[in-house]
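Can you read through this structure? Questions will come right after.
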């Protein structure tokens, strides 16, 4: 059926004076926007197919291309925005739920950007990270309430399993299937080189990546795809996925067309069958059920691996986290409403959940109020975009952060937000072999390593400025933060003072 | 320490020098050159006439080549090779002693005993630089040139002088041009291209008698000319070798290490018979690449190194007025032929026993070396889509693994 | 301006301490005179001392030193104390009027014994009982502030220069085997008597020079264990941390030192396996109690002193000896006042605890 | 010695290397000026199909047939790098006939040309490797 009423969103601007008709754009566009017209001897474009992924722009050797937002606009209406109207057209065309990818793009407040970081002046010296040791290593996991000594009075140093990270950042869950083999390879290799962890997501662990097990968090999600003994044993930690920030309260659906070959084998489901993750775990309808799964997984892994419980940041997250902290889980991962996704219903993604900054602040305080903060480590994700965001998250009370979108960007993602099409021109959110090969893990992993090393440098600089030389002295150190442009309520929830106070 | 002697100063001699020096930097090397020139690229003599090169650029190796390789160069013709005394005597009686010798005497033009040939004033062969220089002197804008022989030498000569003379007629007893390397169909394409550039052909007919400026053809036709070029054929220059007691057939007989049947006597290049791996026979492979390779192989072995050649094949890359022709290997009668044709191009693969025995490409010769390597290396083409391969040579015929080695390794 | 407790107040400072390893008596003038050459390290907004072994006659009783802002507050507080303790003695702490020391609150001391019936009903030991009671008064009884609560020891502090504070409290009349002293240079307080240092809880006292950058991380963690950082000062949080680690968790002083001034991971990884395991354990388990930023502290308790610098040694501090005495000070000048012939002047490395214990039985 | 190596696993068949090569060897300082509206004669070419592509350029063989076969003595090997003296070359294309990789080709004037590792132009390092978006072509020691 014709796509009624929908005018192309983007325009392909080709500078004819610069175009040398090398046809790189044509070869690189999986959406088949560009083509060479042999009769006219020029490149032409079908803009209706363009998703503005910028692949052609990036590879055009003469910079003859740019993609711009079409200025063809419906009559201005402050209530009915262009996008709202077009979504109506789309739904009238298709009769379906609108799908989107990546994180919530709506203009909700970004609290990170309303928080400022302290620095030392006079009374307390800043520390130069180039001269002095500056430590970013963290251990995630439950810490004992009391020490124990043996009969000789020596400390018994055995404690619950810990996840050791060289810096307080992990790559968060992205399943094999939602992203490509090469994207996984890049993440796994980078995590190993960096001494941090990446996360398999719910799609199982490809046999090639068992070797990266010590730097792998494996996920157990409601679909239980690819979960088996070796899978659990291979990992550094096991994560129970209860929810995802981009789509709290709903499950996942990887269409059968993507369940082919290795993906089918890795997920342990037949080729061509839809991979449906139910909204709830059907064996977890309440907190005590979660406790059972936590201990089932501990039993299965002989209490050698920390168990992470990942939840979406929703309204009563503090109470939920308190429950999880008492469930035996070692680490709680909270995913804010800006977290990314390979595909989610647009309405859910854009309207459900709460900002991670507020969720983190309230959870950390709640766990301290209850005296159980030591029971668990806190990992937060959902649009941690820079080293400054990391520092702010740690100072608000996180032990570490999860990043995914930033990692994808490092690998080449241009945030066109059409992962659901499976035609990712950057070789990330696709399973088409010709596209998958566009991401060379040598490059992908190196870029991830570069990004994290850059962040590590920046984190150290920021820490040094505050006079802090070890990341644990930053954790929960909210005095190092000040708010700007926040209401008293927001400041209260964040547990920080306003700038100038 | 040995004293090496090389008789001849062509491509094989250079190969021999470089072969020796790759193993032995100390011993003396003496080269006896019958031509009074620094080593030059013999096939370039036609390009010289055409103006595509000049005497300086024709040098096959730089001017300081002998000096750098510590080679003593003696101009003169070797007249006698005494293998017992290990000496060579030049025409001027100069004697040169040696421990090991390599004969690189090449070939010389074969001139049939035409009746009345001595009545022709301006008659030339086309083999050496001196031949070319002499011919050049005779050329005028209006010259009518008759070239006897439509082989490689005759036709390159024709191309070289085409713009400098009035007319050119090429005759040959064979019914087609380049009969030694092309069949009639391919030859026709080349011929027609040459004709477009003003060369006239009289094929299946040849001069039998000359009377000053007239040639009388076998058919009885008479052809007037001002300049006569005889390019009937060449013969391996084997006399010295025979004198030294080496076995000689059409060329000097050598083994895969370029050793003649007499100890310490080696031979290489056009004067010798190499092993044609495409046919499995000993024959003279009078082409420059083989001359160099044989020379080098001989040099290495003379100097105590170890080298052998078992993959020589006949091959030719020849072009006239922009139309290129690349051939290699053999065209066995029982071969399966894969052909791709258009008006001005022919591509033909000869496949026998799942191997590429030989090929002919006229027109676009790009990447023909891939075909050549299949012939040379006797690569099985059993799993190759030959209908694709005939259209375009490509490394796609190899497995990923093989390509990985070729493109991802040191080769 | 806001007072301590209403806002976090960092400050620069001078510290000094002296101890007799033989437990011999030292009068307070020795230490308050030692503060004179470090006058410029204070700004008159706080000075104080902790003295050990000064109440031998009440050795078994907890000595509470309390500031009251009003007579009525004292009555209210005494009522509270009586509910929980047997008050063996209550009196004004003797002071002398000095022009340099003004606006003094009502300063009392009580020698008390916890009611054993309450210890049983609350299922805690007497130390915990006292700590909770002190916390209760200091957090919920406005106008009353317990600034000393140990046995056979006492803190004396005021707004003013330390050498004047010593005279004010007539410290030359007290004899103790161990003294610590503090001169304060706070940067954003008008100065409040309770905010002066040392800070103490039970017999633990801390004098501290520095401004720690890990403050809020430490505070928010330690507050999970029932402590309430009412003053928002470094000294307070350090005292609570040491109390938690040493009294409650039962760590040795050395272990506690390697928590709050933990060696760098690179150092830990270079240690022998057993040591490495232990240090890794301590750093992992008590990671939130690592103190970063500059500090030099003298931690006092019944029977000893521990001097400790932050791991980068961002504040000056030296130790010295003479005969049975050990001296600690921000500057050598202070030691020379106490003992011109002091020997073995030593600047401890960052994170290296210097622990001095009085011979068992001599205190 | 550093050479250009190709890994077809990562080649996208985008042909950028060909254009980068042609530009690098054009001697012109602007790619548009150098290449627009012209037939290009790159010294590297992309082969392949069915999702497998790879770039082919001179392998700088240790024992090069082209050097041995050149009838004009125009091809030489120095420090492992094989170069064609375009002044001496007469365009007979014997090198094309012998190169087993198909890496030598006639240039715009008919004389033979091939990859010379961008040593004679101002690129600094092989333009094909430098511009390859996926490290399918690398210039390194192996």
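By written order: A, B, C and D. Residues from 1 in each chain.
We adopt the following convention: a contact is a pair of C-beta atoms (placed from the backbone, for glycine too) under 8 Å apart; a residue touches a chain by one contact, two chains touch by 3 or more.
Bear in mind that the values here come from a model prediction, so they are computed numbers and not experimental data.
Within the contact network of the assembly, the step distance from chain B to chain C comes to 3.
Note on interfaces A-D and A-C: more C-beta pairs are in contact across A-C.
Comparing each chain's Cα centroid with the centroid of every protein Cα atom identifies chain A as the most central. Rounded to a whole number, the gap between the C-alpha centres of chain A and chain D is 43 angstrom. Here the CA centre of chain C is 78 Å from the CA centre of chain D. One finds 69 Å separating the Cα centroids of chain A and chain B. Averaged C-alpha coordinates put the centre of chain A at 47 Å from the centre of chain C. Within chain C, no positions touching two or more other chains are listed. The multi-chain contact residues of chain A, meaning those touching 2 or more other chains, do not exist; every residue touches at most one other chain.
Of all residues in chain B, none touches two or more other chains.
Contact between chains, using the touch rule, shows up for A-C, A-D, B-D.
The touching residues of chain A, when paired with chain D in their complex, are 17-20, 22-24, 27-28, 58-59, 61-62, 64, 433-434, 437-440, 442-443. For chain A in complex with chain C, the touching residues are 120, 123-125, 127, 132-133, 135, 137-139, 143-144, 146-147, 149, 154-155, 157, 159, 162, 368, 371, 373-374, 397, 466-470, 472-480.
Residues 8, 10-12, 187, 210-218, 220-221, 223-225, 249-251, 255, 262, 264-266, 277-278, 280-282, 284-288, 290-294, 311-312, 314 of chain C are the ones touching chain A in the complex.
Contact residues of chain D toward chain A in the complex are 9-16, 18-20, 23, 31-32, 35-37, 51, 131, 133-136. Across the complex, chain B meets chain D through its residues 14-15, 41-44, 47, 52-53, 57-61, 288-289, 292-293, 296, 315-319, 322, 324, 326, 328, 365-370, 372-373, 376-377, 393-396, 400, 403-404, 406-411.
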